[in-house]
Amino acid sequence: MTPLPAPEVVTSRHRLRVRFCETDLMGIVHHANYLVYCEAARVEWLLLRGVSYESWTRHGLHLPVVDATLRYKLPARFEDELEVVTTVVELSRVAVRFRYRVMRKATLLCEAETRLACVGDDLRLKRIPAEVERIFTSGELASAAPRAAGA
Amino acid sequence: MTPLPAPEVVTSRHRLRVRFCETDLMGIVHHANYLVYCEAARVEWLLLRGVSYESWTRHGLHLPVVDATLRYKLPARFEDELEVVTTVVELSRVAVRFRYRVMRKATLLCEAETRLACVGDDLRLKRIPAEVERIFTSGELASAAPRAAGA
Amino acid sequence: MTPLPAPEVVTSRHRLRVRFCETDLMGIVHHANYLVYCEAARVEWLLLRGVSYESWTRHGLHLPVVDATLRYKLPARFEDELEVVTTVVELSRVAVRFRYRVMRKATLLCEAETRLACVGDDLRLKRIPAEVERIFTSGELASAAPRAAGA
Amino acid sequence: MTPLPAPEVVTSRHRLRVRFCETDLMGIVHHANYLVYCEAARVEWLLLRGVSYESWTRHGLHLPVVDATLRYKLPARFEDELEVVTTVVELSRVAVRFRYRVMRKATLLCEAETRLACVGDDLRLKRIPAEVERIFTSGELASAAPRAAGA
């Protein structure tokens, strides 16, 4: 395992508003959408470190989810403003594990973890490149402007 | 425009059951899902003529939707068994138009049309190949077994 | 038809970033997601006028989409920052029509229109209440702060 | 814990075909969709025992997912015919746990588990009614006809 810096360094926040189509007939956010929220949060985690995941995929570096765990505590609802607090909690030569806390203000709605493996365009496992490893152990760029768009 | 055979020849039926996650807090199927149902119906329309759209995409032939029109008449609900009746209604050198009627038994829930353009991997318009044109003007294969899976 | 103010008054902008899960194997945003973007833009259009659509639904006022038209011009891609420019273009006693222009900077990617009918919890048509009509013909509140979250 | 019959009794199979919109730009099924497949499988599990989950929800009995675990082994692809093998593996006074194996013929693509809590319309925990408990420990009805639709 690669040693990680203090959790607050490798933590970022992603804000989003619950969309109408993300609810179901119970009137709450459908549980599959939390994986979508976590993914969006992960993408922003990278953007805040100057990295476009899109450019990685274009260069043949992919990080598919290989396992996921979710604990649903309280339901989110339409129009809720949520914040996903995302932390790198484990890093090996071929995989990285993120932990997520989906919050509505101070209330924890869902806790999740996903492990992502590093693969090429052929979907075969490959070693995480050194520069990617560096990203996963780094903090937000000072210059990362607060984004107006909610990505 | 390429002449088309009688509508019943270029018509096929796709059956599906409404999934829980396809509903929204109004308790009905979210309107965006009808485009998904039409797409699944279109894929089955091809399968019933012996064609895997997947193999087309693998060979660099894509048919992205370039316009869509939907008229929602009555709501579909969770667990409804629906049938999408799909007909080719127009065929040009570069595009094909499908019409869909989403039915619950004899009740029409939604009418839709989509026009699909023929493009390559570069997403540039290209002429519909002759063998593809032949498919769009043909009826179901006699040998197309009734599918156990609902796709 | 209810007379409408100048288009710029009844126009608002919604920013969003394309999520990974919104792409398909063509590498572009799946066409059904544009209905989702338009819906999110509509919800924000209301928020910018001080209205929570969520509170309307809680009070038995719903605005289901009864028809939709979409013209796809150019594909959006993963991580694109998009802006949906949304305008009320028609208002009757029971329905309202919105027009949307999905932009990537100055490039128009998709044009759409949806007509929404006013219904109660029983999904039966009802007259648009006067205070709701007033909202549909009004401009953004001066006090509507630019939102940090991407709703 | 309520004792369970032999696993094969409380096991059922759900077949589905991967939809185009369920893929992402990696060309494989997006990982959030497996929760959707499991849910559809669970609904069919009930249908095969003569129960409509829709009627339960209409009568104020809901079974929201309170935790989920997924292990992704191999990717599913567009048009794949999948089978979800679903088993009740744990039953308490207020919750039920399902295990899923998403298969493409003999190949295991994904293993998952979800725990569902019994709640009312107010989303508060309540004891699983005796007749519902009976369902969770029963086998398929002899009369459950093979379904034409793929739900």
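All chains are identified by letter, namely A, B, C and D, in their written order; residue positions are counted from 1 within each chain.
Everything that follows uses one rule, which is that a residue touches a chain if its C-beta (ideal position, glycine included) is under 8 Å from a C-beta of that chain, and two chains touch if they have at least 3 such contacts.
Model, not experiment: these values are computed from the prediction.
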item: Contact-richer chain pair (by C-beta pairs counted) among B-D and C-D; value: B-D
item: Most distant chain from subunit C, judged by the mean position of its C-alpha atoms; value: D
item: Approximate Å spacing (C-alpha centroids) for the pair subunit B, subunit D; value: 27
item: Centroid distance [mean C-alpha coordinates] between subunit D and subunit C, Å; value: 35
item: Per-residue overlap in subunit A, given as positions that touch at least 2 other chains; value: 20-21, 25, 28, 32, 36, 39, 57, 78
item: Contacting residues of subunit B [partner subunit A, same complex]; value: 20-21, 23-25, 27-28, 30, 32, 78
item: Touch list for subunit C against partner subunit B, complex; value: 25-26, 28, 31-33, 35-36, 39, 57, 62, 64-72, 75, 123
item: Partner subunit D, residues of subunit B touching it in the complex; value: 15-21, 36, 39-40, 43, 52-54, 57, 77-79, 81, 146-151
